[in-house]
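Chain lettering (A, B, C and D) follows the sequence in which the chains are written, and residue indices restart at 1 in each chain.
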C-alpha cells in the first residue's frame, strides 16, 4: 500500500507541469494555438495506458489532474480513452448527449451512453462557443447513435479521467484564490490575514485534498481490479465536481470586483467546473 | 401596514420579560417550582386571544416568543389554544402522536392530528424525562383517538405559537453565544473579536431576524384572515425551527469545552429546538 | 402590528398598477449600457411626464414626495409589473440627486436636479478605486487646487455607465497628505472634460456595464464642489440618511417572482417530484417571504422612529445570499442547457454569473458580517 | 501508487482478525468512566498478554514495534471487529507513554512503562486550564521549587479519567513570571498526592468522563520532572513526533461502519426512497471513503519521508466535521424517537451530543482552519 507518487511519477508530473506552464498558460485558455494538439500528442498523454507506453491508471490520473489544472482541452480525455479501448487514431472529441465538446478537427467523438462508453461519428460543422470559454461545441440535431465499446473498463477509464480533470480544476481555483489573498491588501493588510478569507482558503484546500486523495484511491482500484472500483471512481468524480464548483465560486468571491470581470482569470475554473459536472456525473444510486 | 410592536405591545412584552427573568431563569429550566403554572396563569398568557382579553394573535406571538426564549413549558401552547377553541379549562398538555409532552398535573392534551387540532384524554402516569430537560413526557401505549376541534383556525393558532416558541429559542441561543463571545478571552482578546466567531454570531442574528420577521407577518396574516395564512405560518415555523437548531449548535461551538457540559446552559436551547422541530413541523408540500 | 393597507393606499396601488400596465415599454431593455442608453432616457422621460420620477424626492425639487408606504406600494407594483430597471438613470435618481438635495447650493440644485429627473443627464459614481475596494478611506485620487479650478489625477473603478454618463459624483482627496476620512471632497465631475479616459470592463457574463476611469490633469471648476472642500466624507455619508429601507422592495418582489417562476418550471418539467428540488424550492419560497416581512418591519421602523434600524445590514446580507441561492436553483433546473450560454445572452445563466456581484459590490458579505457583529451585536472590532 | 497489501501483510491481517474474533469481550464497555475502569484494565491486560499492547512502542520498552503498515492493519481490524475503546488506558498508551519513551530518564521509563502497558497504571492529561483553552502558552498553574520538591497550585480542566487516574502528565509554570512557552515543565503528578481535588464534570450527554482538577500545595518530587525543568513546551511538543498519522484509522473505520449502518437502517425503514436522505447518505459514503484515501496518503507520506505532511490538519478537520454530519444523519433517521433520550443512554443521540466535542477539543475547528491557512497555505497570521 502506497498512495504517494513514486519518483518516476513525480518526474512525469514535473515534466507535465513544466510543459503546460510554458505552452498552455491560463490566460490563453480561450484562444489556444492550433499547434497545441500536436504538442500534447508529442508529450504522449493520449497513450499513457496503451500497450505502447504501458503506464498504470494511477500515473495517468496524476498527469490528467495537471492537465485539468491548466484547463486543457476536454477532448484529451476522450482521445486517451479511445486510444486505449478502440482502433481510433488521432483526436476524438467528447460526446455529451447531442452536444459534441471540443468538436473541431475531428468527426469522431467518445462519451458515455447509459453508462457505457461509445463512439459517435458526426458531421463537422462550425463549432459554437459554450459556457466554458475554452471549449467550443457542436450541437447535433438529434441524439447520436453510438457504437458501444466492448470493454466495460472503458467507461471506468473515461470516468476516472473526468474526475482527474475536475480535481485539477478545483486545485486551480484554490491556488489562484490563495495567491490573490496573499497579494491583495485591504485595510492595510493582505486580505488573507483576515480569518474570513483565510478560512475560505482553508476550506478550498480541504476540498482539494479530499478529492485528490479519493482520485488516487480510485485510480489504484482500477489498476488493482478492486471489486469496489465503480464506487471509488464514482465517489472521486462526485467529490471532485463539488470541489471544483465550490472552489470556483469561492475563488471569485475572494477576488472581489476583479473576480467579476472577463479579463481576470477567476471565472475560468468555475465555468470549466460547470462543464465537467455534466460529463460522467455520479448518480446517487451508484454510491449506495 | 405596520410590522413593529406598538407601545401597548411593547409594554406587555416588557412585563412578560420581567416576570420571566425573575421567575423562570434558564438555570432553573429543569426543575421549576410547582407554583410556576399558577404564576403563568395569573399573567394571563393562556387567555390572551380569548373573548375575555380579546388581544390579537400578533400580540400573542410577540409574548409567546418571549416565553420560548425562557424555555417556558410547552404546554403553555396547548393550553392557550385549548382555552381559545374549546371549553377545556386549566392546564392542557401537548400531544405529539403517542407522546404527551409536559404531561404532569392534567389528563387532557391538545395537539395536531393530520393537520387538525384535537383533544386527547389520557391516564395520568409517572412522567419520564425527555431529551429536552425542561419537558417531561408520558408515552401512551397506542396512538390516541383525539376529539377534533371544529374550528380550522385552531390548528393555525397552534402552529403559530409553536413557531413563536422556536423563534424565542433561536434568539436565546444567539444571545447566549454573543454574550459569551464578548466575555471569554483567548490569545489575550475576547473571542468575539475573531472574525470566525464574530461571523458565527452574525449568522445567528440573521437567522433570528429572518424567523422573527416571518413570525410577525404570519401572526398578522392570521389576524387579517389573509388567504395565504397557511403558507405564512408554515414558513414561519420552518424558518424558526432551522434557526433554533442551527443557533443551538453554533452556541455550543462558541462556548467551546464549557458548552459541552451539563452544568452550562448552552445545551438547553439546542435540546428544546430538537423537541420543537417535531411539534407541528412544516412539510415541504405546504410551502409549494 | 398589521399587514393591511388603508383604502386610500389601496386606491393608490390601483393607480400605480393602471399606469404601469398601459405604459411599460413593449421591447426589452438591452443589456449593454450603450445600447440601453436611449431606452433608459426615453423611459425616464415617460416616468417624469406622468409624475413618477423621483417618487421620494421632495416636491419642491420636482419630485413626487410620496409617503414611505406609498413608495413601498409603487415599488411593489413597479416590480410586479416587471417594469424595466431604470438603468443609466439609477445613480442620478437614487444617489447623486439625493446627495445634491441634502448638500448642494441652490444654483447646483437648480441646474442639475431637473436634468436628472427628466433623464436628460446621466450620472455615474466615482467612489471605488483600484486597490481601495470596500475601503473608502483609502481613496488616493487627488485634486490639486489651482485658482478657481481643481486639477484631478488618479483613477476610479467599477463605475457603472461611465462611458455614457454626463456627470460623475466623484470623491477625491483635495488636501495633500491627508489621511483616511479627512481631506476628501465630493465634486460634480463633467465626464466630457478633457483628460478623462474611460476603459470599459467586460463582465464574466459578457456585457459591459462598468468601467475604469482615468483622470489626467482633468480641470473642473471649484464651484463644482458640493458641501464644501474637505467635507467629502460627510457628504458621501449624508446620502445614507436618504436611504429609508425601500431599496429592498424591488429586489424582494423580483426574487419572489423568480422563485414562483422556478416552481412553475420545475412542475412543468416534472423535476418537482425530486424531493431535493421540491425541498429547496420550498425553502426559497419561505425565505423570500421572510425578506418581505423583514423589509416591512424595517420600513415600519423608519415610519415610527424616523430611521431604519441596524437590521438593514441583515436584510442586505440575507437578500444578497438568497439571490445567489435562487440563481443557483435556476441553473440547476436547466441541466445541460447551461452549457449553451454565450456572451450577451440574457437568461438564467446571465443572472447567475452576474449574481456573484451581490456579495462583493457595496461591501463584501464578509464586511457585512463584521458590521452586523460589531455595530448591531456590539462585539469588539477585529481590525 | 497502489492500495494492495503484500502476502505477509495479508497474513498479518488474518492473525489480527483471528485473535480479535476470539478475544473481544462479550459485554459492552460501560459509558461512565468509573464503571468502565475495571473493564478497561482487564481488556488492557489481555491485550498485553497477547502482545497487542503498545503496538507502536519500541520492543525494548515492551511494545510490539509494528511497522506503520502493520499498525494500519491492526487498527483497521480492531475497529472492524468493533473491539472496545481502550478508554482509561488511552492517555497512557497513546500520549503519556510515548512522551516518556522520548524524554524520560531510564529510571522513569523502567518504573512507568510496564505499568502502562499492562493496564496497571491509569494516566490522565493535565494541559488545558480554565481560561486558557486551546492556548497552551497561557498556562497559569504554578510549581514552586522547594528543596527537592515542586509545590503545585492551580487548576486544570477537561481532564478525562482524572478521578480514576493514578498519574497525570502535568504541564505547569515552574519559573515565576515566565511568559508563554517559556518556563513550563512537564511533570509526572501522582493523582493520589494530598492537596489534589477532582471535581467530575457531567457532559450534556449525561456521562461523567472528564473533570476539573485543583492543586492546593500539592508536593511532588523534583525527580518527577521529565526532560528537564523549564523544558515543558519542548517535551509536550515532542510527543507529536510520535504521531504517525495512524490515529485517524480507527475513526475512519468506525465512521465507515456507521454510514453503512445508517444506509441499512434507511433501507429497512423505507426512508431511502426520500431523495434527500438517499443523496445525503451517498455523500457521506463518498466522504468516508475519501478519509480512508487521505489517511493512506498521509501514512504513505510518513513511510516515504519519515513524517506526516501538513495535510494531517486537513484530515483532522474534515474527519471531525464529517463525524458530526454522520451523527446528524443518525438522529435524522430516528425521527421523534430522538426525544426519548435520557442521561446515560448509549445510542445515536449520545453520539450526536458527544460529537460536538470533535470540533472543540484539541483545537477548535476555527483554529484548525487557521493552521491550514497559515502553516500549509502560507497565508499571513491573523493574531
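Details
FYI, a residue touches a chain if its C-beta (ideal position, glycine included) is under 8 Å from a C-beta of that chain, and two chains touch if they have at least 3 such contacts.
All values reported here derive from a predicted model rather than from experimental measurement.
Minimum number of contact steps separating subunit A from subunit C: 1.
Between the CA-based centres of subunit B and subunit D the separation comes to 39 Å, rounded to the whole angstrom. For the pair subunit C and subunit D, the distance between C-alpha centroids works out to 54 Å.
Multi-chain contact residues of subunit D, defined as those touching 2 or more other chains: 275, 279, 366, 369, 382. Taken residue by residue, subunit B touches two or more other chains at 189, 194-196, 199, whereas all remaining positions touch fewer. The touch graph of the protein chains shown is complete.
Put simply, subunit C touches subunit D in their complex at residues 274-276, 279. Of all the residues in subunit B, the ones that touch subunit D in their complex are 96-97, 99, 128-132, 137, 139, 185-187, 189, 194-197, 249, 252-253, 256-257, 259-263, 266-267, 271, 274-275, 278. Of all residues in subunit B, those touching subunit A in their complex are 194-196, 199.
Contacts from subunit A toward subunit D in the complex involve residues 1-6, 9, 56, 58-59, 62, 178, 181-182, 189-190, 192-195, 198-199, 201-203, 205-206, 209-211, 213-214, 216-217, 219-221, 223-224, 226, 231-232, 234-235, 238-239, 282, 284-288.
Of all residues in subunit C, those touching subunit B in their complex are 1-5, 9, 69, 72, 263, 272, 275, 278-279, 281-283, 285-287, 289-290, 292-294, 296-297, 299-301, 303-304, 311, 314, 317-318, 366, 368-370, 372-374, 376-382.
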